[in-house]
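Letters A, B, C and D mark the chains as written, and numbering starts fresh at 1 in each.
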Amino acid sequence: MAYKDEQLNEEKVFKDPVHRYVHVKDRVIWDLISAAEFQRLRRIKQLGTSYLTFHGAEHSRFNHSLGVYEIVRRILFNFEGREHWNKEQRLLCLCAALLHDLGHGPFSHSFEKVFKLDHEEFTRKIILGNTEVNHILQRVDKGFPQKVADVINKTYEDKLVISLISSQIDADRMDYLQRDAYFTGVSYGHFDMERILRVMRPLEDQVVIKSSGMHAVEDYIMSRYQMYWQVYFHPVSRSAEVILSKILHRAKDLYQQDYTFSLKPTHFLSFFTGDVSLEDYLRLDESIVLYYFQMWADEADPILSDLCVRFTNRKLFKYIEFNPNLQMEEWMELYSLFEKAGMDPEYYLVVDSSSDLPYDFYRPGEEGERLPIHLLMPNQELKELSRQSDIVESISGKKRTDHKLYFPMDFVEALPDDEPEKARIETLLGLSQEK
Amino acid sequence: MAYKDEQLNEEKVFKDPVHRYVHVKDRVIWDLISAAEFQRLRRIKQLGTSYLTFHGAEHSRFNHSLGVYEIVRRILFNFEGREHWNKEQRLLCLCAALLHDLGHGPFSHSFEKVFKLDHEEFTRKIILGNTEVNHILQRVDKGFPQKVADVINKTYEDKLVISLISSQIDADRMDYLQRDAYFTGVSYGHFDMERILRVMRPLEDQVVIKSSGMHAVEDYIMSRYQMYWQVYFHPVSRSAEVILSKILHRAKDLYQQDYTFSLKPTHFLSFFTGDVSLEDYLRLDESIVLYYFQMWADEADPILSDLCVRFTNRKLFKYIEFNPNLQMEEWMELYSLFEKAGMDPEYYLVVDSSSDLPYDFYRPGEEGERLPIHLLMPNQELKELSRQSDIVESISGKKRTDHKLYFPMDFVEALPDDEPEKARIETLLGLSQEK
Amino acid sequence: MAYKDEQLNEEKVFKDPVHRYVHVKDRVIWDLISAAEFQRLRRIKQLGTSYLTFHGAEHSRFNHSLGVYEIVRRILFNFEGREHWNKEQRLLCLCAALLHDLGHGPFSHSFEKVFKLDHEEFTRKIILGNTEVNHILQRVDKGFPQKVADVINKTYEDKLVISLISSQIDADRMDYLQRDAYFTGVSYGHFDMERILRVMRPLEDQVVIKSSGMHAVEDYIMSRYQMYWQVYFHPVSRSAEVILSKILHRAKDLYQQDYTFSLKPTHFLSFFTGDVSLEDYLRLDESIVLYYFQMWADEADPILSDLCVRFTNRKLFKYIEFNPNLQMEEWMELYSLFEKAGMDPEYYLVVDSSSDLPYDFYRPGEEGERLPIHLLMPNQELKELSRQSDIVESISGKKRTDHKLYFPMDFVEALPDDEPEKARIETLLGLSQEK
Amino acid sequence: MAYKDEQLNEEKVFKDPVHRYVHVKDRVIWDLISAAEFQRLRRIKQLGTSYLTFHGAEHSRFNHSLGVYEIVRRILFNFEGREHWNKEQRLLCLCAALLHDLGHGPFSHSFEKVFKLDHEEFTRKIILGNTEVNHILQRVDKGFPQKVADVINKTYEDKLVISLISSQIDADRMDYLQRDAYFTGVSYGHFDMERILRVMRPLEDQVVIKSSGMHAVEDYIMSRYQMYWQVYFHPVSRSAEVILSKILHRAKDLYQQDYTFSLKPTHFLSFFTGDVSLEDYLRLDESIVLYYFQMWADEADPILSDLCVRFTNRKLFKYIEFNPNLQMEEWMELYSLFEKAGMDPEYYLVVDSSSDLPYDFYRPGEEGERLPIHLLMPNQELKELSRQSDIVESISGKKRTDHKLYFPMDFVEALPDDEPEKARIETLLGLSQEK
């Protein structure tokens, strides 16, 4: 039997808290799960620094990747025998679902910003490079790795396949909303996925939703909205993210200044020089990063050391609402007061805006964006969701930006009361009223 | 106001998937949670290697410790105003609950066995040594750290206080059963904790259960039984545990043989020499251990390297039921066949028995064991649970041992078919029939 | 001890699937629950005819009334010791919560419409009349029954008390959304009530919500929206409701036409004549109504008999979207075609609009309506919810009416194919295309 | 297409709180659900009088019957293509599952005892008699009704089919445990049905369980045990049951004594005379019974009237543990004291033993009992469950009888204190100590 058609003797199941069981029957899927690059996802948290806000959010990307695979498996089970559905695409869809996040590194968001990396590019490299995953996919067919990469890259010719993995209501989002809600313990994130799966229909170039299922989709969109504001953009997690970014910045700066590290940052060298090989990338997971942070806590450089202690022991920055219309003058004053007080403002006075984050709870039809959700009306017409639903319309495409200013409250408080900067800093930060 | 009575301005809450919210009002508790030694528990998994079997089981001991605190908080809330309950003990109970697992290290079970450590001893050392936790406790009262240590150590004079933290139905067990069930996703582990809390009554020297709540307690005992066999003793997790132990053994052996590591095992040195300081102990968390395992995968020693690759990429040993009555002769033969085939049996042929593990789903009255569960009958008499409950009686004190033999199936399969040992090894392992 | 302060020896608990336990400690509450008029609520379904659509929705108003009581109990527990909260009002709030639905009759909505009754009036009559409930309340204080009635009637002087029982986010709504979701099994209806209870604050004349809880409130509003469209306005339940109303109409008409019933409709006489005494009202519960429907199925009058068979055996009317702009001409034609075909259009061609139903998922500030939701901002200002929340704004006050036309498809299909009316009826009803 | 193979155009789903959705594709099933005799099950509560203890337990046998059907549907879906499974039996299994409880009457247990009826006999009569259900089944095949009746009657030749519907681990039990737990809200009743369904295997003459699923089955058995003692045998529900039985007894006695009822008990006549026709039986549902009880509350006979008031308004009997070894003398004395005090002991002093109830949480191999559970061992051997499982063994076949004495505490308390019987009655009932 061809490798692509090989089935396990006995179906394997993974106990999954969200979908109850993840079922694997295909030999290819089983082999991919066992590949080193896929197992590596166990060492990368799904929600980055959110576990410092929601202590339950310690789950990994391995967890989520299995979930996305399982949802696609169920969708395709429902598609069997339907018009427009080409069952030859089944294995391709399953592989793309399983592997779509393969290129994520530790604390992806910060790493990508600081080191100018793109996890999607690394997903492609892992799939196409000299890896266990690639060898498995090649056994299916020489051209198969490229197909999988194309689906994940949204350049594959069959748009229906892409829309399963990447659209406004794809398996990725359906899994992470439910999973992140489950592990954080928040009451948002519930929607009737079973119903959504039942009303999904394959068309020529996309998956659509029977209009009778509109309310279930509204519920899903609302879940997303709530999860963004309640979980993903939580200011405490962002505070940890700010510190994390500043650690990476500082380490890079020190390296570029020829600072001598007591522990040579072997794993980071190519990140600092901007020349990261696939092998380097794969070696860096969150246990490695946390090891370095713990080592760097003992470095001579006071900034690097302080920031690492903060991250490791969760001594985070405090935050206040930041008025983006603050007079340039006042901002300059604050900045120089921090300098004078010995708190390098580059590292200790940080504005962070949530709109930098992937704010996409629903944006129909923007250039280059994920496919919008189309409803299939009883008369077989298609209508874009936000045209039919008041609720979705109300939150579509609105850019809600939230600016916060992060700083080390403990340092400010520790300034001697007779130091003239202290009072002024407190005034400018609006801390005086609070007392 | 005395530090011990200080309350936060506004109650703090942690969103908890198991108890919905963990509530903190006491300044002392809040400070303890923020202490570096407590935050360290975030980097130690509650269930050790179980995440390699149940992918959801990635939760930390931080998670669990908060949960135990919350349960004790609720119990004490119910105790308020009851006879026998001395509210002066409240803060002591809460601190002991929060800190009872503070001394756990990475993958505790294996580390304790290989390096002959005792996590309870380290809990004491952290509480009594020069640590953030100790300083906070001292602020309550000079003698307070010792009291907390005594409660955890079960030597405190007030046995009622001890029984909240450590008995057959303490807050520790009630939290971990529910929490481990939640994160693994298994359907066991549910019992009506709210009812149990309602029927708990303080007596002079122990917490007892009103007899009307017996069935809820039976359910709890059954949960425990099922969790042991379905989760805690799962043979796949034990396979990972076997490999982990063998890595530690090998590293120690190499060190003692003056092997030159390419990466000097700084963090491990005092573990190898058996002279672990508190500081050394606290520095070793699971991210550090995983860092070393990844480094050691590149070591020249083939055994250390192989075992580390196995652990990191989850290439585990397979297992078969091991017949402990196997003829010594056959066992010797198997052992020497492994040697001949180049698989050092010391590392590649391992018998593991579940009875080595803390098998205690219910043992009333054994020497030195946790207090049994007493029911408070309507006539105010006390009866030990297993005398009243058929079900509990049926599983009490039975030692059910399960022996398994672990070995690298991939190595056996990779032996050349014409190698004479292969067939015989397969016969002795009972693999031939399976083909 | 005064009756109003009497406590039960031991707290009583009711196992409740939604709130886990309902706790009763006050003697007055216990006595009220045992009163005949309260027990009668067991024989009246919470969701009227919805059980014919959602088979799980068989729960009674007894169920819900206990739930509302429990929520208010928990709110007041949180209010203890807060400014603005007068604990003297506690028992009044609990009684009003428990009794707020006491005047509901069987299938209230239809009965009220057909017989021009008002359940709120009967709630007052039961509380103030010669009933067990009244006698219990009188024991608290002669004027107490009137106070309870005033709170339910929203005329009580203390507006804070009223807002607990009756506002846009009162205990009534919070219970029914969760309860109806639980029993129907739909995935809507979940919101974080525990959080909402935590952020409720008593002010002088209303309960407000701390602004940090806005998202939890949004979730609650969305639940309500979804429950209305998915459950409460479900067209199949409305079909049953249409038939029910028509049965009552028919029986009343027959009575007025001096028709001789084989079973004298003793229980209904005063309803037919519009002179319903409190005693008559209390005697009519859903088992009585179902008894009559079953008896009337054997009546000589074909319409009454047919409708009763339909209701009893769930042979409901089918429905189509009704275009309210249908040409009067066409409507007249359809009407007379039904007449010709022997299907009295008065009973067999029914337009039903959901806007007739209590459509109130959020209407701030309308005359005579429930109090809107106010957020308490950090600066202590109050802001009306829909001014702060895009989502709530998007669905506020919109009147979304949904018109459906109900008719007996089986009768239409049973018309002989050569009957000229048949084809034309099918065309006008838009049935022909469907074939 | 043959009627038996007809499929609905679009699958119909029922929203079900326990199984999420009940799926119907077969025309035959759809028609059976719509049959009057099946709809009648909506008017019969699944748990009889338990709703007077657990207010959530208001669900009907309609509810449960759909659930059993759904479970069998899922089992057969898993069986597809397996050896031993004859797919020709599929429709038969589904029909038998759906209809297995069709003959239940109102408050079956009491009715059966008082009037010496057997609901299983009526199930057969409905299936084989002149009913809508029978006509539907006949359309499948003339002999089909008999086959369905045989399966339910356990006389069908294919024992595998029977074991799906009726064994120690059949779809009936799996549904009611979960459903009754859901509606009462108790925390028992959970087990991993999905896993059990996955390990069920068809053999020649029974369904067996792969031994790897033993723990899931243990959990199911334990659920059953807990549900019996916590829910099904709850003494308060039994108190209501006692009153119900006594009402029926009294009405029958009065009828036999030629008492003149103000409301002629038309529906009951044939029950009194012991000659119940199928038509009579089908007309009697719980709304009819409750109607009579409400009417009889106004009857002249003080006993009938009192008991009916008690049942309607939930003024139940109190209970004490009854010592079955009570000296005959004392019992005679109590009996005659009740008589003297004007409380007819026939109706007001009732011993009820739980062992009268269907106590079967696990009895392997008893004559005429349901099939025991067999485990399929890896070597293909079969082993009876209680031989493999300590827990199951511990509760198997044990007859645990619980005797209670029910009486009207309010009457006893209302006896004048100077009446000499009072003190003695209180002593004999053990009430004096309690004061």
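Here is the rule we go by: a contact is a pair of C-beta atoms (placed from the backbone, for glycine too) under 8 Å apart; a residue touches a chain by one contact, two chains touch by 3 or more.
This structure is a prediction, so every number in the text was calculated from the model and none was measured.
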**Study point:** Winner on C-beta contact pairs when A-C is weighed against C-D
**Key:** C-D
**Study point:** Remotest chain, chain A as reference, centres from CA atoms
**Key:** D
Exercise for review: Starting from the mean Cα coordinates of chain B and chain C, work out the distance between those two points in Å.
Suggested key: 52
Revision key, fill the gap. Chain A and chain C have mean C-alpha positions lying a whole-number Å distance apart equal to 44
Check your understanding: So how far apart, in whole Å, are chain C and chain D when each is placed at the average of its C-alpha atoms?
Key -> 31
**Study point:** Junction residues of chain C - those touching two or more other chains
**Key:** 20, 186
Point to revise | Of all residues in chain A, those that touch chain B in their complex | key: 14-18, 20, 34, 36, 39, 42-43, 51, 54-56, 58-60, 62-63, 66, 182-186, 283, 285-288, 290-291, 294, 312-315
Review point. Within the complex, which stretch of chain B touches chain D?
Key: 186-188, 190-192, 195, 215-216, 218-219, 222, 225-226, 229-230, 390-391, 393-395, 398
Point to revise | Touching residues on chain D, where the partner in the complex is chain A | key: 13, 20-21, 194, 198
